[in-house]
Amino acid sequence: MNIGVIGYGYWGKNLVRNFYAQKKASLKAVLDFDAKKLESLQKLYPSVEITTDLEEFLKKVDAVAIATPVFTHYELAKKCLEAGKHVLVEKPMTSSYAQAQELIEIAEKKGLTLMCDHTFLYTGAVQKMKELINNGSIGNVNYIDSTRINLGLFQPDVNVLWDLAAHDISICYYLMNEKPVAVQAVGISHTNNGIENIAYLTLHYASNKIAHFNCSWSSPVKVRQMLVGGDKKMIVWNDLEATEKIKVYDTGYELKTEEDKTKILVDYRVGDIFVPKLDSTEALFTMAQDFIEAILENKKPSATAEIGALVVQVLEASQKSIKNEGKKIAL
Amino acid sequence: MNIGVIGYGYWGKNLVRNFYAQKKASLKAVLDFDAKKLESLQKLYPSVEITTDLEEFLKKVDAVAIATPVFTHYELAKKCLEAGKHVLVEKPMTSSYAQAQELIEIAEKKGLTLMCDHTFLYTGAVQKMKELINNGSIGNVNYIDSTRINLGLFQPDVNVLWDLAAHDISICYYLMNEKPVAVQAVGISHTNNGIENIAYLTLHYASNKIAHFNCSWSSPVKVRQMLVGGDKKMIVWNDLEATEKIKVYDTGYELKTEEDKTKILVDYRVGDIFVPKLDSTEALFTMAQDFIEAILENKKPSATAEIGALVVQVLEASQKSIKNEGKKIAL
Amino acid sequence: MNIGVIGYGYWGKNLVRNFYAQKKASLKAVLDFDAKKLESLQKLYPSVEITTDLEEFLKKVDAVAIATPVFTHYELAKKCLEAGKHVLVEKPMTSSYAQAQELIEIAEKKGLTLMCDHTFLYTGAVQKMKELINNGSIGNVNYIDSTRINLGLFQPDVNVLWDLAAHDISICYYLMNEKPVAVQAVGISHTNNGIENIAYLTLHYASNKIAHFNCSWSSPVKVRQMLVGGDKKMIVWNDLEATEKIKVYDTGYELKTEEDKTKILVDYRVGDIFVPKLDSTEALFTMAQDFIEAILENKKPSATAEIGALVVQVLEASQKSIKNEGKKIAL
Amino acid sequence: MNIGVIGYGYWGKNLVRNFYAQKKASLKAVLDFDAKKLESLQKLYPSVEITTDLEEFLKKVDAVAIATPVFTHYELAKKCLEAGKHVLVEKPMTSSYAQAQELIEIAEKKGLTLMCDHTFLYTGAVQKMKELINNGSIGNVNYIDSTRINLGLFQPDVNVLWDLAAHDISICYYLMNEKPVAVQAVGISHTNNGIENIAYLTLHYASNKIAHFNCSWSSPVKVRQMLVGGDKKMIVWNDLEATEKIKVYDTGYELKTEEDKTKILVDYRVGDIFVPKLDSTEALFTMAQDFIEAILENKKPSATAEIGALVVQVLEASQKSIKNEGKKIAL
């Protein structure tokens, strides 16, 4: 199978490096409209064909990875799908939920693999959490609480949720396997373009779960912490830890309903803590491999197009909520 | 001046110890309806008079500190004020904002000191933050973000905001000297009594500030972190740090509006960090002293009744917001 | 059984509190030569008899705990033993190894319990390490490395090793159950009394183990970290951690001797980490209990007199080593 | 000026990259005996000449950087110097102190720049410490204490001190500008080749300073911490901290000699802490620049050959001390 990559910018370079390293498919061609970038690529990967022409490019490849600016995703992915190519799109998948849905329909009709690169899903940390949830260790997940803040580059066209919460939304859906039913968000902009640099997003679920994300480009300290609260165990994921990213707490509370109903006692209990060893394979390599195997074995990848579409849907709804004073927006 | 304390439970003991240690006033009497508790007090403080009779108690003292269950605060404080006594009430000040307002009015009419014990305001950390804001080091405060989570005792009558956010509301008002104009909250209850054990509260301000508090009794890890983001400097207050609770970051962003208006560049800048030495006097001692000096010198204490009342007002509104799907509630 | 305490200073107060709380023996009398101190005791513990006369004191009690300055330990303990009393001495047991040996001999001859209060042995952390070593989890212990530094009170009569390394020596002996065969120490004094405020102590063992202690009163940061390196697992004990004091690393190295003998490969391997829950009973309470049960059940306590004597022996030898340019001193 | 690099292994690649990026000199040629390595270099740097012949190489260049195995340093450096080339040698400079001295003599006689690449000296952290010591902020340095431990690759020919303490020795000399007068070391080998994997090294100074280094390849946790204790301030350098590597403590003790001479009181005092922003330029780039400027401006570089020689001298003496039961070895 021949893979092609569109876009040789910052992320495109990473994609090229990781598709080049795959065994079950070969990186055949790279398309970019900047000839200079392609030159630099040619030096590093002389065997890869380069081109600035989409038609020519599509003739050479069976599957395409798209790493261009977001507003171009929809059109490029559509052209590739219509030309019968399997498609991997960078996150966020599209600019609107309607576009994402349309791409999914085309892919389904044509029997093609469509996937959205939410790389975080392939990290050792998220894979371990998924495993712990799937094997029942955690019990029923009651809540997810994420803090993803740092002093960040203010982006000129999307707010901090599109930049940072996109990770949390995809991870929550992947871990809990349940779509939120409503969304609420508040935010604030400290620039005169009105784009939020601090925002708080809450997801509501039919099953009485809750997820809350604290996102900021204006924090003096960097925090990457997610709590996953189950009724058996709780996970703390601190992504800034070098060697102890995931800690599993055998802590919990036991509710004992008193007869008089006036007091709910909580039996505070803290047991051993478990810090599992994580797989340290580069997540992007595993993602590229998953894309190839999904095509070859005709199976669903971990980072499905459905996750990609949900992320865009939630982000759209969060923007609507922010503009409507934090109103609860049903999905 | 003679001080009296009502209530010799967990917190009452701390009050007794700290009022006993004051120099400008003497602890004269303690009232409790549990004679056994009074006995144990008598052993430790033989010079302090004990009683179970309010009328008798009020004859002995000039000022009263009330450390009883919340639902009794209003009635007890009212009786003390009407008897011409200065009053210190534990936090939260009353069960409703209307009650708090009525107490303030009575105190004003009678020219008495009324104060609510938000002890945190007297810690070295909060005092240092107040100093840094007052002397202009921080610049204009843009936001406050607080995380106050741990595995906590589920309370049978009030939710996690009444327990934990009360601290944040009082600290924010003390630091920013500005009342919020609206309140939004979401929360979730994992018990069958419907009382929220996880809740998120957002305060909106007329001056485009925002404050957000993440409160939980269901976190496997304890976090006590507040970010105070100014346009000159930012403060990180980690109350769990033994010796470096307050860090001041000379970090910030410089917005340079580009001519083409399509990009907002952020000039990422990180300077020296400053970790000021904090006063380590017990906060409750300073609070007791402030109450006495406010009476003697006829001045406002730091923990004013107005702060106490605002806290109740915000908590009431937050409950209304939670019950109305996170609707923005104007104050 | 009646317990008596000699010395009501800083540590004596803790002993009194913990012996008072015991169930299998009662605190009968306290001796101190400062009548004022005894008065304050009388208020808190009206049932305990006080005295400034040793003869009178000895008539009242069956067992004695001695918490006086070190140079008085030997004489007081000897008198108590000779009067037929069981004895607990604070650490360090005596001023010299010869004195410690003499006390042990007297106790043995008279069939009395003699014990030295190395309280650290009774902490949840040390008890857990002992358990992990005893049940084979750690494998053979290869080394112990301890850092015990802080900005400390310079003591006028003993150096930093007598103050801080005393803990490490007793813990190492307790954990490894092996006496060192030689001792080496270097140190430096930054005061004009020549007493070392920074010192490094190395213990050598017949079984090719090594233990090294870094002790300082002149460190800007407080560190309390001990590494216990076994050939199966390794323990890190960070005593300043609130909830994760003990971490067990399933890490290790596998030596594969290459044929050419020129390279020793180390197969770097890091597995899961385990953070066991520790018993949080106050160590001093458990120590007091152990003393009482050792007497009542005629068994060896954990903190034996032999450990106490070894500590003094090693400290004496370390002083000799420091004065002899770090020469290796056989024990 | 034309620079040549000998050795295109792991470190040689870094040297090539950093010399290539310099402005005041150009990377002219690279010598390696492995033609395959040179091929891969040619792809990345087509303008750089490659060769496997030393004579040919020396004709092309004015200055040489040597990144080959240690045992070849002396001979290669000697040939380069004798051919009139300026020389930079990787650390450790040579296998013996005598060799290092001989190289220094040749360089001096010929008026050539000879330098040893102790890269750490060029890090933002060490540069900041040097600045703080030079401008008097720290006062007189009383001690340096370093812990440099991790689970490391056991090297087949040199012990852990040659691997890790080499950094500490060079940094201490650079910071304190004073040579130690004696050396003491103990160590232990857990392999059957007798090469120490854990070792402790103490340096003694004429001015009553002390430096102590704890080095280990067998620690479950990685620690990189150096304390620099001055009589005014103390520095803690934690190299594993992402953003707060250097902390300066305004802490200290004031000795007040009591009249009775029996007590030395220490006035414990902790002030503000200062966390300076560090230069984040890649240390190796600055090192390469320093080499070039030292040649062009005929001045001493920071990482002088004298530092390189002292490191070898101290390591030789430490080995002698280990083999002589930790005997103090005069330098």
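Chains here go by letter, A, B, C and D, matching the order in which they are written, and residues are numbered from 1 within each.
Heads up, the rule we're going with is that a residue touches a chain if its C-beta (ideal position, glycine included) is under 8 Å from a C-beta of that chain, and two chains touch if they have at least 3 such contacts.
What you see is a predicted model, and the numbers here were worked out from it, not measured in a lab.
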| item | value |
| --- | --- |
| Partner chains shared by chain B and chain C (touch criterion as defined above) | A, D |
| Chain at maximum distance from chain A, centres defined as averaged CA atoms | C |
| Computed distance of Cα centres, chain C from chain A, in Å | 53 |
| Distance between chain centroids, defined by C-alpha means - chain A, chain B (Å) | 39 |
| Centre-to-centre distance between chain D and chain A (centres being mean Cα positions), rounded to whole Å | 43 |
| Residues of chain C engaged with two or more neighbouring chains | 247, 270 |
| Parts of chain C lying in touch with chain D, wherever the complex brings them together | 142-143, 145, 147, 149, 151-157, 184, 186, 188, 190-193, 195, 198, 200, 202, 204, 208-210, 212, 214, 216-221, 227, 229, 234-236, 247, 249, 251, 253, 255, 257, 262-266, 268, 270, 325-328 |
| Contact footprint of chain B on chain D as seen in their complex | 243-244, 247, 250, 270-277 |
